[in-house]
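What follows is a pair of complexes built around chain A, which joins chain B in one and chain C in the other.
What follows is the complex of A and B.
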């Protein structure tokens, strides 16, 4: 017997999922909406929210990233569209704003927020994560081989890299943007003169921890932040907090790589501290965040 | 005969776009009057070449217009034709008349870019070249495969003004240490401006 209450409450709209995309074994789960054709399309990553492809846009030698947020069948279609639209626009607005202010971020090349796609410029290079992994690998090997003498030049270069990362984050925060997911994988080392040669093979130019790590990769190049899917414009009264959480997340990413990488992070903070006038407040706040973790207590 | 470049945009290979550029044009007022009369023979996007910084923003406007034409369900056309949509898409605001005043041709335009979509099989490189040779009184400028000539007549101050970019260019660019900038600052500034323009065009109407 159905209870009377349940019988009278009519659903506002049936929670019928939209027709599922045709199952295509050659491509996982989803197909990109128009205009994207399968030609020259390469899946790079799949997250909870978005599928990331590499393809070309505007000209055959302009590589780009397409970030597609497929509809979620478990959400009400209206809500789904609104969330997708809001998230795409938030990301695009933050990127355009950062680009205007001279922070090195991918350029925005186009979007259709109703269809769920955003096209971003391709950043040629490797992630700082790969650099760190390669570096820790070499540090380990060096310790074994007692050839610490060769390490000094690289050490200096690494510290310089860290300081560039610190000022880049400072620059982003100084214009009132918090990244929201600042991991070492989301910090790219853009290979120099990447604008001139457009490679199409999709291989990162900065080698990661390849071949026992004897070759030291060049650490030259511009620090470029990517993945602004969780970024936000900071609210003035909580700017210190948001900035501190960015740094905290990055600090955790560093210490997760290798204990040896922790001293490097000190250099990031040092450069950050000198990068903008609000940095002191953020660094102070970072100490609180360290004590309690990323999530703020809702008590008191 | 006018030089016309056929452009195939990635993902729109079935929809070629014909692009031609002219300098020292003397009959812009005639062309404009044909547009105002909506003469079907003059269904083109005629653009003031001074407002086109480089090929990429133009290609983006073409792409967005083509996308709207082909996928109206998610990206409806907000003007009457694909060609007017192209002019509209270049402008940061949502005013069609303003878009035509700023990016379309005026009576004293001398350098212009003509764009025509090949949405029907009768519109070909040859047909467009033939028609433009008769219609436009000016010197045809050959547009190369990469379209780099399209930015030849760009008026930077006008472009910066319309996209609200300060004359100081992009702030803080190259000011940091360790940033290796082998490319000259002029080119750097242009590409920064180009990126802003494409971002503004993408966010238009949001």
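What follows is the complex of A and C.
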């Protein structure tokens, strides 16, 4: 089987001095294909996949978001076209379907999968991440000032907000869609005023209550989910798993914000549990996902 | 400080001797030897035969490495060996050899995580100080970034390793195993021209490769020369698909997956450097694709060639010596090995950034 005499030991050449490849400081900038001009583009985010800009679409006072997936120079052009097309279409389909079923998501205004762009309606408002950051900051300050009086009203509003988040996620899952990247940055609180000139689906926004003092921003507004780049239609046999992973990702986003934000998440789960008939299975699965951590042990 | 390192987690038995003259100076390789067990074409290496191979070669390699290094036994500070992850029987043979020389020479043992060995070797040889690491080999596929004394896994394969996928793809096409299947696939791919559809599966920062194997079986049947020409697989332009085209398509697809998940991790942690380690990391096309991606992000790629990408004893000696320098040794009673040993289980005490 093993014949040691037949082969010789391979000597491996000694260490040579390190030669790091030169880095290229002149980074190529992407230009958006027409009909977008570079004049009123405002870069919102640069992910691994897409560049996200704010601009206007069709009329100068229709604000919109352009999600542009530039061609990847490392990818074979055929493969690149195939993936870009599949991903733009998948994202658009999920958004259209979610919108039709009454989940508040950005509207799809247009897409060109050959050119690599998707145009979405602008969502006016702030992210839940910003709300949580502001809230934890105020909690800290209140603790310092030993002042609990102003806290109660806000506390109640926060719990109400969490409950609306839980119901919204439940609604999304109930129509068979997993978000895939459910962080607090991807959950928005749409400003009630922004609904005036748009005809989005869903219930009318709750009027803002200003009773709890001017320093505290209003927590009214519709929960709107954004960034469906990793979203998918759930496969029946793994729906519990996909739903649980969504919740787990969100839970980690909460605990990463501030330890004080963790109890709030319980309220999200409570509302989620009452939101749809499959919720029980998902919540049960969530316990497994937590135990497993992010990853299962590697086998190869 | 001088260490001897024994690596035998897969089909290579390797012995290296390294010296760390001073923390501010680069390490010196005194000896770096290995011997590879090659199974016949169409077959993979089995634990039992591989372990027999390692046992047959380890003594010779140790003797020759010590002789070549020109060091006295008393100058060696510690004996490092691969504790895992890997195939159990080969790991066990290697651990046994390490224990034996440690007792014989009265030296402390240091059990090393194979993945950490690759990362530390890659950092030392390329000078990349804090890169996102893509570790790709026959048994592992991980995207790793350093944070607070751990090498944390950001993305990884959900099923089989990339090297395993390439090897098994090669096996289906009856591509030889010598020097290693991935090398032969790489050479054939250079002559491929047509891109054939192969499943592309990315889930967030993770990847999946099993679908490719199922596709490979079908594709291999489609290019069988015994089939009448009208039944054979053709490209859009009507040409017959060749073995070279399949190798080309495989590489273009799986490497695009790897580059994509690496880019996600880089965007997530805000890194611009990327280091590619592990056996598959010696593939020039992968390095090239990674370079194009890194350039687009204003960064650069660091890669080594097969001397240090492919499993070797030096990486174990190097990582082991770093760990020994922080006062860590492996007591004899804990000097076993383990098939599953997560990269993030190791406390990286030798880095303080």
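Here is the rule we go by: the second predicted complex is superposed on the first by the 245 of 300 C-alpha atoms of A that agree within 3 Å, B and C clash if a C-alpha of one lies under 4 Å from a C-alpha of the other, contacts with A are read in each partner's own complex, and residues count from 1 in each chain.
Quick note on the criterion: a contact is a pair of C-beta atoms (placed from the backbone, for glycine too) under 8 Å apart; a residue touches a chain by one contact, two chains touch by 3 or more.
The structure displayed is predicted, hence computed values, not measured ones.
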Under the stated touch criterion, which partner chain does A:72 make contact with: chain B (first), chain C (second), both, or neither? second
Applying the touch criterion given at the start, work out whether A:230 contacts chain B, chain C, both or neither, answering first, second, both or neither. second
Touching A:48 in the superposition: chain B (first), chain C (second), both, neither? second
Which holds for A:59: it touches chain B only (first), chain C only (second), both, or neither? first
If we overlay the two complexes on their shared chain A, which of chain B and chain C does A:167 touch? Say first, second, both or neither. first
With the two structures laid over each other on chain A, which partner does A:181 touch: chain B (first), chain C (second), both, or neither? second
Which superposed partner A:273 touches (first chain B, second chain C, both, neither): neither
Output the chain A positions appearing in both contact lists, the one against chain B and the one against chain C. none
Write out the stretch or stretches of chain A touching chain B in their complex. 33-37, 39-40, 55-62, 89, 92-93, 95-96, 99-103, 107-115, 121, 160, 163-164, 167-168, 171, 192-193, 195-196, 220-222
Interfacial residue positions of chain A with respect to chain C in the complex: 1-2, 4, 7, 9-15, 17-25, 27-28, 46-49, 72-76, 78-79, 82-83, 180-181, 230, 295, 297-300
Enumerate the contact residues on chain C facing chain A in the complex. 26-29, 32-37, 49, 52-53, 56-57, 60-61, 64, 68, 85, 124-128, 138-142, 153, 156-157, 160-161, 164, 195, 197, 200, 203-204, 252-253, 256, 259-260, 263-264, 266-268, 272, 288-293, 295-302, 307-308, 312, 314, 340, 342
Touching chain A in the complex: which residues of chain B? 8-13, 55-56, 59-60, 63-64, 66-67, 70-71, 73-75, 146-147, 165, 170-173, 175-180, 182-183, 191-192, 195-196, 198-200, 202-203, 206
